[in-house]
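Next, two complexes with chain A in common: one pairs it with chain B, the other with chain C.
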Partner chain A sequence: MERWTRLAFPRTYMDRQRRAGFLFVLPAVAYFACVYFVPLVESLIGSFYRTLPGGASRFMGFGLYERVFTDPVFWNSVRNTIKLLALSVPSTVALALAVALGLDRLTLRWRSLWAAMYFVPFAVSLVAAALIWQWLYEPVYGVLNHALVLVGLPPQKWLQSLNQVLPSLAAINVWVRLGFDTMIFLAALQAIPGEYYEAAALDGASARQRLWHVTLPLLNPQIVMVCILELIFNFKIFDQVYATTQGGPAGASQTIIPLLYDTAFKYFRLGEASVMAVFVFVVLLVVTLLQWRIFRRPVDY
Partner chain B sequence: MRGARTRSVSLARWLTAALVAAGALTVVFPFVWIALTSLKTPPEIQRVPLQLAPDHWGNLENYREVFRRAPFSRFLLNSALLATVSAVSSLVVSALAGYGFAKFRFPGHSVFFFAIIGILMVPFQSVVVPLYLWVSRLGLLDTYLGILAPDLVSVFGVFLMRQAIEVVPDDYIAAARIDGCGEWGIFWRVVLPAVTPALATLAIIKFMWTWNEFFWPLVVVNSPSMKTVTMGLIGFTNMYFIEYNLVTAAAVVSVLPILLIFVILQKWVVQAAVMTGLKG
Partner chain C sequence: MRRVIGGAIAVLALAGLLAAAVPGHAPAQAKKIVYWTHWEQNPEFNKWYETKGKEFAKKSGYEVEVVTIPYQGYEAKYLAALVGKSGAPDFFNGIVHQWCGQYDFCDKMPADLEKTWSENLPKYMLAVGQFKGATYGIPIEHGNFQQMYIDVELFKKAGLNPDKPPKTLDEWLAAMKKLSVYDAKGEPTQVGFALRHKGHPVGITDKFLPFAHAFGARMLSPGLDRATGFANGPEMVAALQFYGDLVTKDKVASLAFGNPEDAFGQKRAGVIFRESWYFGWLKKNAPDVAFKVYALPCAKACPGAGNLFPWSNLVYKNSPHKQVVWDFLRFISNAKDDLEQHQLQGILPVWTVNLETPYVKGRPDYASTREMLAQPVPPNYYHPKSNELATAFGEAVVGVLYGKGQPKPSLDEAAARMDRILKD
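Coming up: the complex of A and B.
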């Protein structure tokens, strides 16, 4: 307690120093408390109350949790989100790894040129990215179907097809994230000391063996990190769905965040939306803690 | 023997280069394609067989129509204003906090720091409903301040500035203190000049994030005059019929400022993005 009174009424030089430090961080602390901590607690509390017409609210216990967790629409959105993750995370990571390995072999000038090109989609808004692809996917006039017809394949319905809508959205996400992941891998590749490869070559290791036994194990932390980042990115998909399919056709691309948005701001069922908010928070918390567990484990070779 | 080996190595090298280049061109192709589409008339778009180039390269009718049909210049202005303010506020608050966390010890120091870093685990969507209710209660719906509320400071900024200020030598600060410089003066005249690269990185990335923001503006904005570029862009689509000549023109307008920043400040943008890890 005394520490805090001395913070308010400094007596010594050191007290004044402490107070200065405290005042420097105060705006940030106050801001994040208002924008994140208080609302997070309110989300948690709100998930136990149903807002009645007129603004009053009624305590529901776990009633709203039961309602959300027994709702097939909710589980459909969870299923779709998981399918999207399964489609897009492995392909993004594998492609990024391949591109980074390729870029690493080029001379500096070409490397930075091509790397910049891979990175461009990451800089534009997700809404723009989604609309750009919706035009490529256009069933009648889109360039992708023109190309398919040109090589003698039947045109596809892409975003308008029950089966293809999730892979099509996943492809947009791969396009957006590829350059970013590539940069992380490339930075890590260039940090690997050349001696490792020389030693491996002296031992008679072939290029493939060097890749499997030197490069990939050394990249392991980055691979784990990128997987987690992609998991989170794809889990939180909203803009792309909202801009293109709005969850359609027939709910085939309804994912969790767009459902949360509709529940809160279209149907004004704030209690149920808070339940989903808590669900999203808990899932991502578990994923992040898992990431820390993996990172804290020292890598052995 | 040796000659054959070198030849196969250089062949592999060329093949790698060709694959990497083909991939890069594929990634960039969608941008080229919308730029071409935005110069075409609707009949040109629907022409079979598909034609790559527009009939008239100088056909800017779609762009004129975009600005006629929606107050798109207002959207651009809104986004530019919001992105600039969020970059500046983020710089100020993050630099202050970064200095406080890097160079001072006070009660609550590590609790506050780890609490802020912990926010990286909180998805924005988990706090959006209460935040919306607060903004609404304070009468800030449909105002600049309301749109900016969650974008004024980012956790990444605080983290970045702490990392940058941590390596500023303590001797500089001590020397200024001995010379009679106040804490505030030290911050402005010693610390900030020493971390200009980090400040620039933060400003660029924050500007881009706010410019590209969509979810929160969608929640708080109602009137057309308060819409941002991303919202204006989505205004050109609907469920039944989409005029792609206009959508592509609007998309080009919306990404052009960001692409310019990217091309000019490429190195810093990439570095900043890689450092962020994730948007926070």
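Coming up: the complex of A and C.
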């Protein structure tokens, strides 16, 4: 209590410093609380209640959890989300790393130009990106099939195929996210002191060995961070699915968040949708913490 | 530094005080009632409310503002606004059993207006605006049921007579085979039937139901309380087998084609089943397509004038202007306005008296509309959870289309799921 009083009425220099610090972080804390924390708590509470017409609620205990976790449609969406993750995350991270390594070798002017080009898709609205790709993938008039036919390959069904829909969506994700991840890797690469490479070269290390024993270990924090960001981005995928396939064909691209959206707003089952929201939060939290603990290794040369 | 910050704060404070103290010079805004619609394909129809609102404003002081919400995801936007109250429309285009049944957002129609509409609507349309015996909505589209649009040129090219449409599903399938053109690998480059296979399963269900009804099947029991025995009954299984075969065995429909409306408009499909609004859409977007409209083909039964999406105008019960809205709806509830508004967009009007006007008689769907209305009314599924039920059912249908499952087990699974939804 006294600490709060001194925060409000500082007596010493240190008190004033603490108050200044508190005021600096207050907007961020308030924003986080309003936009993330309150809805999270609301979702948690909402997951135990069934909303009735007119806005009334009925306490259900864990009934809604049981309903959601025994629903094959929900688990199908989880499976699809994981498949999409498996397709998108490694390819985005690997490609971004490769592009960043390539850009790092260019002169400043060319590097900036190419980096800007890679970054442009990230600035495009996700819905717009999805619609652009929907046209590229169009089986009859799409550019991709046109190109395939030109080189003598058979046209594909892309978003309208049970087997190709998830890889096709993953390609959109890679296109959208590549620039952002590349920027992070590029910034990190440029922060690695040149002396490390010189020392390694003097020791007779080949280019591959320098990459493996100098670059990648020093990029570890960024690689972990990018993996976590990609994991979160792909787990929460919504716009691309909703704008292109709406979960189809035949549920082959139904992922968790579009299902959550339909459950809440199309079927007005806010309780079940809250259960899904809690599930997403817990999974992301656990996976992120695990990833952080397992893969993050402090490197010091 | 401290002085600079202090000065800046003082200037900002002074500016704020002045802004609050000086009376506004902005022009006085006209009072408005707000209408939301997701009928983005019918802009002229929607705009008419604004035009008529200006006339209404002369006696009431209220104009009408129309907000068109994109169809994709419109429910979420409606729901957020209607639950949140602030920013909600005063009236909107919606489905009675959802917005007044599943939710409780609708104001009941005043008795005098209810009388006007009950006296002037075709009898089959009365249920469109009602839920549990109470009347809430004003139906906005007559002919809100699918009919058969045929491409005259493609029919002729296939050696078919466009003036003698197929009357039974067997005849229809034979015609679809003649209309389909295949490439060297046996894949159709032109199909007989433009089939809906994309998008939300609710839409898939909507487009399949005429086939189901033609086979004598129904999705739910007459009391709308049971799916097992109906959604997976032998007639429904046969209907879905027939529907799936159109793609997998007969190859008269293709999953490689995009929207069925576009495929028909691009002359890549000889036949499509759609509602009366499609006439206006084709005129505007594919004016070079010569088409005719006929009643849907029959099998064990005729599909009849049924729909899954009975659209009507509803008044938001928490609107502070709901009386003004009812006055406006009263103002436009007459045969002349009904005809004017629907004619603008090429939609069939709803007043009975307008169904024999030169505009309606001159439409290509005049005879087919009469023919379909003369058929027995098919089952309706105006249940508060119709979206969720139709989704569960549509997933089975689309699964069969894509070869993901066989009709019987897919429908068994769907029926069990639908029963859970109904009991829940």
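Please note the rule applied: the second predicted complex is superposed on the first by the 249 of 301 C-alpha atoms of A that agree within 3 Å, B and C clash if a C-alpha of one lies under 4 Å from a C-alpha of the other, contacts with A are read in each partner's own complex, and residues count from 1 in each chain.
We take it that a contact is a pair of C-beta atoms (placed from the backbone, for glycine too) under 8 Å apart; a residue touches a chain by one contact, two chains touch by 3 or more.
Quantities reported herein were computed from a predicted structural model and do not represent experimental measurements.
*Asks:* Using the superposition on chain A described above, determine whether A:Gly179 touches chain B (first), chain C (second), both, or neither.
*Replies:* A:Gly179: touches chain B, not chain C.
*Asks:* Report for A:Met225: first if it touches chain B alone, second if chain C alone, otherwise both or neither.
*Replies:* Only chain B; A:Met225 stays clear of chain C.
*Asks:* Give one of first, second, both or neither to describe whether A:Ala191 is in contact with chain B, with chain C, with both, or with none.
*Replies:* neither
*Asks:* Using the superposition on chain A described above, determine whether A:Leu162 touches chain B (first), chain C (second), both, or neither.
*Replies:* A:Leu162 sits against chain C, while chain B stays out of touch.
*Asks:* Report the partner of chain A that touches more of its residues: chain B or chain C.
*Replies:* B
*Asks:* Who does A:Gln246 touch here: chain B (first), chain C (second), both, or neither?
*Replies:* both
*Asks:* Looking at A:Glu138, would you say it contacts chain B, chain C, both, or neither? Reply first, second, both or neither.
*Replies:* After superposition on chain A, A:Glu138 lies in contact with both partners, chain B and chain C.
*Asks:* So, does A:Ala86 touch the first partner chain B, the second partner chain C, both, or neither?
*Replies:* Neither partner.
*Asks:* Output check: A:Leu216 vs chain B and chain C. Expected answer is one of first, second, both, neither. What do you get?
*Replies:* Touch partners of A:Leu216: none, neither chain B nor chain C.
*Asks:* Kindly classify A:Phe37 by the partners it touches after superposition: chain B alone (first), chain C alone (second), both, or neither?
*Replies:* first
*Asks:* Enumerate the residues of chain A that count as touching chain B in its complex and touching chain C in the other.
*Replies:* 138, 140, 242-243, 246, 261, 264-265
*Asks:* Would you tell me which residues of chain A are touching chain C in their complex?
*Replies:* Listed in rising order, the residues are 53-55, 67, 73, 138-140, 157, 160, 162, 242-243, 245-252, 261-262, 264-269.
*Asks:* Under the touch definition given earlier, write down the residues of chain B that touch chain A in their complex.
*Replies:* 13, 16-17, 19-21, 23-25, 27-28, 30-31, 33-34, 37, 45-46, 49-50, 93-94, 96-97, 99-101, 103-109, 112, 115-116, 119-123, 125-134, 149-150, 152-153, 155, 158, 183, 187, 208, 211-215, 218-219, 229-230, 233-234, 237, 239, 242, 244, 247-248, 251, 254-255, 258-259, 261-262, 266, 269-270, 273-274, 277-278
*Asks:* What residues of chain A sit close enough to touch chain B in their complex?
*Replies:* 3-4, 7, 17-25, 27-29, 31-32, 35-40, 42-43, 46, 99, 102-103, 105-106, 110, 114-128, 131-136, 138, 140-141, 143, 146, 175, 178-180, 183-184, 187, 225, 229, 232-233, 236, 238-239, 242-243, 246, 257, 260-261, 264-265, 270, 273-274, 277-278, 280-281, 284-285, 288
*Asks:* Where on chain C does chain A make contact in their complex?
*Replies:* 72-73, 75-76, 79-80, 83, 101-104, 197-202, 255-258, 268, 384-385, 387-388, 391, 395, 398-399, 401-404, 424
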